[in-house]
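Once you've had a glance at the structure underneath, I'll fire off some questions.
Note that the chains are named A, B and C in the order they appear, and that numbering of residues resets to 1 at the start of each chain.
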Amino acid sequence: MSQRPSATLALALAALSGAGLSQADDDYIVLASTTSTEASGLFDAIIPRFTEKTGISVRVVAVGTGQAFEIARRGDADSLLVHDTDGEETFVAEGYAAERADVMVNDFVIIGPDGDPAGIADAESVAEAMRRIAEVEAPFASRGDDSGTHRAEQRLWEAAGVEPGGAWYRELGSGMGPTLNTAAGMDAYVISDRATWVAFANPQNLTLLFAGDEALFNQYGSLLIDSARHPHLRHDLAQQWHRWLLSAEGQRAIAEFEMKGQPLFFPNALAD
Amino acid sequence: MTTSDNPFTTALALIAGMDPVLLGIVALSLQVSLTAVLIASLLALPLGAALALWRFPGRGVIIVTLNALMGLPPVVAGLTVYLLLSRAGPLGQFGLLFTPTAMVIAQVILILPIIAALTRQQIEELHGEYHDQLRSLGVSRPRMMPTLLWDARFSLLTVVLAGFGRASAEVGAVMIVGGNIDGVTRVMTTAIVLETSKGNLPLALGLGLVLLGLVLLVNAVAHLVGETARRRLG
Amino acid sequence: MNDLRLPATAASEIPPLTFEAVAVSHRGQRLLGPLDLRLAGCRRTLVMGPNGAGKSLLLRLAHGLLAPGAGRVRWEGGAPRQAMVFQRPVLLRRTALENLTYALAVDGTPRGQRRPRAREALERFGLAALEKRPARVLSGGEQQRLALARAWLTRPEALFLDEPTAALDPAAIRAVEAAVLDFHRRGTRVVMTTHDLNQARRLADDVVLLFGGRLIEHTPAERFFAQPRTPEGQAFLRGELVW
């Protein structure tokens, strides 16, 4: 008896999906990833090469890192590509992922208004640059959304010995792009991943003021979801994707991706 | 997709260029929203008519709930559907999350209250006018339902269009349950959000103009059909 | 026409309709009654009285659209087939023909017979040319004739008409009166309200006079128009009974 309503429901839902709405290809995985990788265009460049080789298409759900973890935790994604190494290791430790591997790095950059009111352009280190912003209380736009970039920003403040707060520190609770849009609107400093910044088309007065400190390196990791916890997932296909990203071919695809003449991601899986 | 600095030029270029990516997005938007409107109407029109025709315990509660749900924030609807369809949720076994079907379900939840509540108002009004005559003819209440729904068809067309407007303009729910996957669940509104986040404001606004044009077109056609018929049938 | 006479029922068999101490109140105010009245036979009863006298209430009670607050409205031997025509005809937002086929469908007429019978009725009421016209855009007189045609199709043994000519021009009034006589000839008991004394003289077999919600008199027409029994009746005929 308890199965009947769910059988009816299944039929109704099947009829619904039969209305030509679901795409037909069966060989696909759902990849939960971050807005930075999607917005930069990286996936548009590398996924077709993977699909061509394996016949597997990759459906990217681009969200903040926090939400990406949550999607994967609930078993709604077959694979995960994010940039929060601490969080990723916790995810593995909690048993949600069977394996984690470095894939590539890009770096964070500090963006700010042309005039550079805090004078960070010639700072010695990123910690110094952050301190100068806090000292003059120049407007600073923070993601404030528990994303990988937000977590990185918080670590940078901590390393600089600053506890940000007050009217100048504006937590937006938005993705990278909307945060850049807002920062441009109020001439604020902002920390962005380089990829999103280079691809960003609405800089107005904003310009890249500080980059290059090793503390700004942004490591991306690929995670293989634990098959015991979510047996329904397409583990075989996800594993092919994971292996391909780490293979020489996948790493070359990442290296060859450029935007506006700049390489944005630097593969480092093989370096280990 | 091409970009220029002027959103109107961009919109025109998008339409004139018949960009296949854009066409795919437009087609999916229409498919999702029209399917949602169809399903919601099939459920909500009889529901609204029944609420207008019958007095029963709990009727007031249903009406107040429907009226309140007309203002349901799309994000909340999206989140609810997400939790239902998620693998860890009660309907997870069907694997519908991040598919157009999930988007249809979310939109149905959003627009069903609107169509049902407005239908109830329209049918109640018409029932007031027809009541004596229909009873005089010996029409039973169950039979009044199709009679009133049919005779209110022009006002109900407007009601259904209101539902279509909300469905096609909505972004919060479809973003969460669809995932804005390129070529699979990317619709007009989620594409606009994505282009905005990339800072491609002219392209985003251009897409917005295309969406506006589409909604205008659908409304204009429906309005014309409705008005012509209304004038003809009095 | 094969439906000129009602099939099973001879005129004398139309069940009498009795009002027993019937009263209607609204928010503590007495609108009608208490009132006793018996309508029997195949007669044309004209209900008269000034505005607010309770004429429409009486008709709605008789037709069963309204339940009395007190007392009882009863058909002796069971309710007959009946129809009602309102002052402002309520027509569906469909064509003239569809308004008629709808009534036939509700009545259980087999699908194949609906259109021929509806067309026959349109013809009888002079509406044949208008069959495809939306009912709502017909003139007032045409709409009322269509409402009568609809009533005709349901072969009522009792027909109630609530000021059916109040909003019509003289030609349309003549058409409605002719229809009322047709119904009666076919064996239908007619109960009709009107303001128009001349109309009542033309149509009435008997007259029911209401005033202030009370039944003043129920008298055969010849007697009523010659010499009303009550002072109110005499005042009404002189045009002096106002409310």
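As a convention for this text, contacts are C-beta pairs under 8 Å (C-beta built on N, C-alpha and C of every residue); 3 or more make two chains touch, one makes a residue touch a chain.
It should be emphasised that the depicted structure is a prediction, and the values quoted were computed from it without experimental measurement.
Chemist: Determine the shortest chain-contact distance, in steps, between chain A and chain C.
Modeler: The distance in steps between these two chains is 2.
Chemist: If you take the mean of the Cα atoms for each chain, which one ends up farthest from chain A?
Modeler: That would be chain C.
Chemist: Taking every chain's C-alpha mean, which one sits closest to the mean of all protein C-alpha atoms?
Modeler: Going by the distance between chain centres and the overall C-alpha centre, it is B.
Chemist: Looking at contacts between chains, which pair has the highest count of C-beta pairs?
Modeler: Among the chain pairs, A-B has the highest number of C-beta contacts.
Chemist: If you average the Cα atoms of chain A and of chain C to get two centres, how far apart are those centres in Å?
Modeler: Once rounded, the distance between the two centres reads 79 Å.
Chemist: Between chain B and chain C, tell me the centre distance in angstrom, where each centre is the average of that chain's C-alpha atoms.
Modeler: Distance between chain centres: 47 Å.
Chemist: If you average the Cα atoms of chain A and of chain B to get two centres, how far apart are those centres in Å?
Modeler: Using C-alpha averages as centres, the distance is 33 Å.
Chemist: Where on chain B is chain C touching in the complex?
Modeler: On the chain B side, the touching residues are 129-130, 132-133, 135-139, 143, 147, 151, 153, 232-234.
Chemist: For chain B, which residues count as touching chain A in their complex?
Modeler: 3, 31-32, 35, 39, 86-89, 91-101, 104-105, 179-184, 194, 196-201
Chemist: In their complex, what parts of chain C are in touch with chain B?
Modeler: Where chain C meets chain B, its residues are 60, 63-65, 83-84, 86, 90, 92-94, 102-103, 106-107, 134-137, 150, 154.
Chemist: State the interface residues of chain A toward chain B in the complex, per the touch definition above.
Modeler: Touching chain B: residues 9-10, 13, 16-17, 19-23, 30, 35, 38-39, 43-44, 59-63, 73-76, 175-178, 180-181, 184, 199-203, 230, 232-233 of chain A.
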